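Order as written gives the chain letters A, B and C; numbering starts at 1 within each chain.
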Amino acid sequence: MDKPIIQITDANFWYGAKQALFDVNVSIMPHQTTAFIGPSGCGKSTLLRCLNRMNDLILGTRVTGRIAFNDHDVNAPDVDVIELRKQIGMVFQKSNPFPKSVFDNVAYGLRIQGMTDKTELEARVVKSLKKAALWEEVKDRLHESALMMSGGQQQRLCIARAIAVEPEIILMDEPCSALDPTATAKIEELIQDLEKDYTIIIVTHNMQQAARCSDYTAFFYLGRLIEFDATNKIFTNPTNKQTEDYVTGRFG
Amino acid sequence: MTILRAKGYDWRSTAFHAVTLAATALIVLAVIVIIGDIVWHGAKQVSWHFVTGGTKEGMFDAKTAGVFPMIFGTLALVLLMTVGVVPVGVITAVYLTEYAKSLSPITRIIRSAINNLAGVPSIVFGLFGLGFFVQFVGGGLDQMFYGGELHYRKPALIWAAATMAIMTLPVVIVATEEALRAVPNGLREASLALGATKLKTIWKIVLPEALPGVLTGAILAVGRGAGEVAPIMFTGAAYYLAHLPTNWTDQFMHLGYHVFVLSTQSPDIERTKPILYGSVLVLLLVTFLLNLTGVLVRAKIRSRLRHG
Amino acid sequence: MELHFDQELTQAKDQLLRMASLAEQAVTTAIQGLVQRDDVAAKRVLDGDNQLDLLQKEIDEQCVALIALRQPKARDLRFLIVTMKIAAELERIGDQAVNIANRARLLNREPQLKPFVDIPRMFELTRDMVRTVLDAFVYGKLDVAKQVIPHDDEVDNLEVQLHRELTSFMLEDPQTITRSMNLIGVSHSLERIGDHAVNIAEEVVYLYEGRDIRHETKNA
């Protein structure tokens, strides 16, 4: 039995005076895809951003409880948040490639760590683009601007960029919500391939997407974790009535 | 409900349209009249000799007058001023947008200081420059490094440039802030999520993306620097110099100041009128060329950002 | 392009084919126990039925999961539904094999009543029918699937024929009643297996053409 790569114990979160997460307990297993689902405002994105401490960027946020990555509390005073973010990467809802070339985008994370050797950079960039199922489409356009690509390609570029620094976990915050169905399908297939090498946590408001790509699903409502189980169980025979209502579309 | 046009004529829309046209016409007319007058009277004076000649032969004679030293001095001033104001302005703007907490008392103090600075009349800057830079800082430098000998405690290019830098600081800060704010937050988040520090993110992603806006601020600052006279009157501009400035401790001649001098100090106003118009025209041309350079550089940077 | 879903569909198909092979084996072994008076073979059939039942449950669980998780459409959806239905038919074929094996054990305790002619013939026909329809399932050979239906008529006729023959036996000599009844039972099981093969054929047509041809070819 694998040890959980992320262990969240009694996590509570506030935006100023407003509490957004209440006593959340969940274990994320390595090399699996876990989906966070739930209606808007249920706290799923908030919890995701706690894992790589992106919520630190917002003023007035407060978190209690223990959020452990490989058994180490990410909010502990001796944690270097820069190192944390190198090991827990993130892909955002709206793809945000830098206004640079395709190559420079993927190499960015490596260059800021001090990598300067051209051959090594090239090798890593090619490897990441191949893993992100983008290589064939960009191999002749590596030095063109990333902004010239389609939305789906840009998002896969962002995935390649995150992969390049070789994180253990990839967080995805509604990665397909701005994409058309074909681009979405490509990324869903990609997620199932990436599972072999990374642990993936995906927030999605599209529960069919969670059903298609994840191994485990966590259902959140109003800041609380309602049910967490194998995706198969959540979508064929959930334990909790609220979960069943949400999954069958009878919510509200 | 019918979709057909209602009966009657829409007077209000037509009237408003007419008013906006009239306002536009007024502005365009004003510009045409001013520029037209200057070009009409100044064009004949602006010859190769005028632009490249010096002051040796006599400044008040239309046939022998030359404004090259003034052009040189103006450009030197603008250059020094830009070198001073852009880094300080950009760093301040970066602090205000990226680091400061918008409601903290320190931030509010800084912002009101910038606003007040923007409202100070230029003559006050001139007096400030004299008292602070020339006498206090200049005097201090002379005491510390030259044992009281006179090197800095006098009007000089450096002091005029420093005064102009302080004066144009608000413009650069505001333009840079606008440009920084326009950088989508997604780019910052992407960089930070890859394990970059805030500083690296600003230096490698945010500032390069904001560069066109920074240049806008610089262009605006340059425009003022080339034209303002009051701040440089006591801090470095000179009415007549035999030589071009070679050190930043030297004084300099300036197109704007020259215009002021010609219109208030000349013995025979009719004789110097052509030189006056010519100088003004040259000043406008120099300002225009400086602006054009800035605009072209900015356009080049913008297109490189878009197309990689 | 092959999706992860395609791999999952192939897994379900492989499970079904495994089940089909087990079901065919069960019937063959049961007939062997009867015709060769082999009790060991008959016992094997009884022990092996458990595996068939478990397989059906596994296949159903897999298909339900795939329907819930993958939102299949068109042929993918028909495939999953048809797979579950064929699994049910195969399970019942397995149950018929158990019936045959039980009757074989009873018959083996008494001397053989008559040479086996019709029963082996019925077995061959139904075995070929089942093989044909499963072939059609895998390769989409629809014409072949439709051929199976008239073959079922032949099986039904053989059953009637045997029934008539055994009835005359029973009328002549009451000692033969038990054995005759058991043989009638076996032929009935084989006739049912033929019907299951027809059902599978109908499902295969639904899978590949989307047409529901059930209840159209009922004999008068």
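The rule is short, and it goes like this: a contact is a pair of C-beta atoms (placed from the backbone, for glycine too) under 8 Å apart; a residue touches a chain by one contact, two chains touch by 3 or more.
The model shown is predicted, which means the values in this text are computed figures rather than measured ones.
With centres taken as mean CA coordinates, the chain nearest to the overall protein centre is A. In terms of the distance between Cα centroids, chain C is separated most widely from B.
Work out the mean CA point of chain A and of chain B, and you get 48 Å between them. Remark: chain B and chain C have CA centroids separated by 94 Å (rounded to whole angstrom). Listing the residues of chain C that touch chain A in their complex gives 3-4, 64-65, 68-71. Note for the complex: chain A touches chain B at residues 52, 54, 57, 59, 82-83, 85-86, 89-90, 92, 94, 96-101, 108-109, 112-113, 143-148, 158, 161-162, 165. Of all the residues in chain B, the ones that touch chain A in their complex are 101, 184, 186-187, 189-197, 200, 204-205, 208-209, 305-308.
Those residues of chain A lying in contact with chain C across their complex are 189, 192, 208, 211-212, 231-232, 235-236.
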